[in-house]
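Consider the two complexes below, in which subunit A is the common component and subunit B and subunit C are the respective partners.
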Partner chain A sequence: MADMRIIAHVAINVFKESVRDKVLYNLVAFAVILMGAAYLIGQLTAGQDVKIIKDLGLAAIGTFGLLIAVFIGIGLVWKEVERRSIYSLLSKPLGRREFILGKYAGLALTLLVNVVVMTAALYLVLGYMDAQFTEEQKSVWAAPALDAGMLRAVALIVVELLLVTAIALFFSTFSSPFLSAALTFGLWVIGHFNADLRNFENIVESPVAAGLARALYYLLPNFAAFDIKSQVVYALPIAPGYLAVTVAYGLAYIALLLTGSVLVFTRRDFK
Partner chain B sequence: MDAIRTEDLTKHYRVGFWRPRPYIALDRLSLTVRTGEVFGFLGPNGAGKTTTLKLLMQLMYPSSGRAEILGRPVGDVEVRRRIGYLPENPYFYDYLTAEELLEYFAGLFGYPAAERRRRAASLLDTVGIGAERRLQLRKFSKGMIQRVGIAQALINDPDVVFFDEPMSGLDPLGRREIRQLILQLRDRGCTVFFSSHVLADAEALCSRVAIVAAGRLVASGQLSELLAFQVRGWELVMSGVTPDALSQARADREIVNAVPIDGQRFAMELPASAAPERVLATLTASGAQLVSLTPIRETLEDFFMRQVTGAQRSSNG
Partner chain C sequence: MTRSDPRGAWMSGALVVALMAAIVSLQHTQGRLEAATPDTAENLLYVRSPAAMSRMALSYDAVLADLYWIRAVQHYGGTRLSTDPNKQYDLLYPLLDLTTSLDPRFNVAYYFGSTFLAEAPPDGPGRPDLAIVLLEKGLRVQPDKWEFAQWIGFVHYWWRHDYAQAAEWFQRAGDLPGAPFWLAQLAATTLAEGGNRQSSRLLWQEVARTGVNEAFRNEAVRRLQQLDAMDQIDQLFQIVGAFQQRYGAVPRSWDDLGRAGYLRSLPVDPTGVPYRLEAGSVALGEGSRLSPLPREPQRLIQ
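For the complex of A and B:
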């Protein structure tokens, strides 16, 4: 049984360390600046709708979260091995499994705090917009400015980021940060065009190519599934249960990746 | 129960990218370290000492053979609760302070917060890290990092400690402090296993040693029993040596060579057969003063050179 207390202890340390890393502040600051820009754009369009602000804001949360997930994720394990700090750490009563899970939980916590900060900033901007316009002006908006429904998109962004982190962590248990970053971004991009693989299957003649496309479709993470930004922004209906199924899919994928990371990592020699 | 046991412990590294071939870093090492002893693991650079320690810490898995600590297989979490390890040229986290690092490690043993703070503070005192303990580790010198490394190895009051080259990176004063620390650990009943390529470190500390060269155990036992390290003579430096006293000592075959340094100061070589105490007493009686007396013996390096030319590292390649 994994020792939860030890995992939490490692996780808190990761969180502390990443909070001290100045990169993080830069990213959050950048996100906040982007919210400002969104606000300006809103002003220019004379309050026709808050859609553009919501769109930009959610995209910024996803993008900055992605950058944090990848750039911290690829270094989490690699840095400890490369700098040999892992030698003293693993001689303590800390299994390699607890080490991996603790590192993951720490970065997950970091991401969560970041997303919460960025979401709060977004709602702040939206709240300000809300106060700026009359009820009549606001009546043409697709959804109210302070729409709690937006949190559904944020929730899926969080799960997506957790998945990206698990991918980055998995690669970093055996490859260099550069390669891990390339592979993670690669998977992320492909994962967004996953649906096209499905279509590809219908277009090609060769059964081998079709089979391959089909296998890849099921194997690769389907990142497009986590993107419900437009539905939320335009207040389009979302199928009941969609959220639950997508979250479950993400969590299952994460569990698989973490298991793989632990398996690879426990077999490694630290030369 | 023995503190450490290895049985035919062997490690091959794969070297060469295109045609990997095994390189035998450690070749069937069998040793036993008893509880409570200070055991020196000696050998020149590249002998396989670090490899052995990493195998004992299960940072690597052996190619064959077994290792036990305190009667349990290495890697057992219960074993880890009772041991400490100082890696070779340790490195920790840039952004943590020395205090935070020790508290972090203490937390891995499940100590409550107050106990973590107490242990961290008292160990930093022990290894001589003062107000710098509030600085981030990236501002630490190599010697200070080494001290922090020793402190973290002791955070759990271990029963067995493993030090990989504990004296490296320290000045002579620091080396002496670490020697004293190791003796204090022994007095508390802690078993100390340390590696070194410097014979003098072992002489001042160890009950027993093992000597490895090119991945093989070449000798083990009490240092004084290892023939190669027996004293071959002495170098005696004295001032105020009169010509009469000098020629008398020469005539008695108590010194084989005397080189004037300046004025009446001489560096004299005594054969192993001479009792240095007697020569010293005679010369002192004639009015000379002792400057220094040093045993002459084969150095570890000389010994290794002989061993290594005898037994080249084997390879399956």
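For the complex of A and C:
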């Protein structure tokens, strides 16, 4: 069994390091500035201010989170190896498993704090916008400006970011930062074409190719499933159980990747 | 320079200020030169295929739809307000097509987009056919959206003067769930009396009352004012005719009509701008926001 106390200790250290990291602050500042910009862009449209602010805000939360997850995730293990601090760390009563899980939990905590701050900023901008319109103007909106339903999209963005972090961490256990970033981004992009892989058999005649596409459909992470931004912005109904199943899918995939990361890292020779 | 060197710090600060001033100045000059250079980039759309753009958008389809919508609004507004005698709205439909493909529920893009497309030159490209294509696309995504069917009927009525088609679409809209009862009445009136001012007035009154947003309702009010202005111009024509019959010549000014007792005051349109009288012809005054008046529709059944 992994020692939770040690994992928490490593996680807090990762979080503190992230807080000290000025890049992290810049990303959050950028996200907040984008929220402000969203308001300005809203002025250029024909009465679509609130919709555009919601679209931009949710996209910004996802994008800044993605950048944090990838660029910090790929350095979590690599930095310790590069600085050779891994030797002193592993000579302490700290198992390799606790090291990996602690690193992951630390970045997950950092991401969570970032998403919470960005979501709060988005709701603040929306609250301000809400106060600018009359009840009659609001009556044609698909959903209220301060619709709590948006939090469902934010919740799935968090799970998506946790999955990206797990992928970045997995690659960083055996690969260089550049390659890890390229592979993580690659998987993220491919993960948005999952539906095409599922429908591949409808456009090819070869059963081998169709079978391969079907296998990839099940094996590759389906990032498109985490995107319900349009649905929440238009307050469209989401199938019962969709959130629960998608979160469970994300958590299962994360568990698989963390297991893989621990397996690779425990077998890695640092000599 | 060391960290504690105040002279070095002042020099660095001065350098930053000087460089900022240089950047602002260069940017200003560059902007002036750019304005004097023929613009080729404005009418470029790198990706015209909605299917390709939807693929490339990944999870940013809604944001891209917003950006294309903003670009469509800017393209329409910028072209409409330009002083170019040969106004080109050639990007309008591709931009609206991209917007509604990336975000098929962008309802305002269908409403406004179809209005922009249908508007006759120089205020628009004069393409009611494309307006109908856009609205039919919206109706395929949301088949119960009676407002789209109503708006298709509206485009047939107001811009194409095809009252049979308009009546058919009003009827189809009226048959959809949640449609207001007056659509069936409008369909019957359009079929029987399509094209007369009274039925046009009825149509715009409903838009003014139920329009999707303030801009739409304001436009409906402007259209109603245009219909009022057309009535007033007809009355003024009659007065001018009566003057001519009595004095054997057309009045040279509104004062002539006033002195002859035909008018008590200067005639103004519903926005307060005085009408113009030239060689016996009455028209909207210079700068009236009701100009140009719509082409007088023809009656379907005489």
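By definition in this document, the second predicted complex is superposed on the first by the 267 of 271 C-alpha atoms of A that agree within 3 Å, B and C clash if a C-alpha of one lies under 4 Å from a C-alpha of the other, contacts with A are read in each partner's own complex, and residues count from 1 in each chain.
The rule is simple: a residue touches a chain if its C-beta (ideal position, glycine included) is under 8 Å from a C-beta of that chain, and two chains touch if they have at least 3 such contacts.
Everything quoted here is computed from the prediction, not taken from an experiment.
In the superposition on chain A, A:61 contacts neither subunit B nor subunit C. After overlaying the two complexes on the shared chain, residue contacts for A:90 are found with subunit B alone; subunit C is out of touch. Of the two partner chains placed by the overlay, only subunit C lies in contact with A:227; subunit B stays clear of it. With both structures placed on the common chain, the touch criterion links A:76 to neither subunit B nor subunit C.
Once chain A of one complex is fitted onto chain A of the other, the partner contacts of A:140 are limited to subunit C, with no touch recorded for subunit B. Look at A:270: by the touch rule set out above, it reaches subunit B but stays clear of subunit C.
Residues of subunit A touching subunit C in their complex: 41, 44-48, 51-52, 55-56, 58-59, 62, 137, 140, 142, 189, 192-193, 223-224, 227, 229-230, 233-234, 236.
Interface residues of subunit B facing subunit A in the complex, by the touch rule stated above, are 13, 54, 57-61, 77-78, 80-81, 83-87, 89-93, 95-96, 104-105, 107-110, 149, 152-153, 162.
Taken in their complex, subunit A has these residues touching subunit B: 5-6, 9-10, 13, 17, 20-21, 83-95, 267, 269-271. Note for the complex: subunit C touches subunit A at residues 55, 58-63, 65-66, 69-70, 73-74, 103, 105-106, 108, 112, 212-215.
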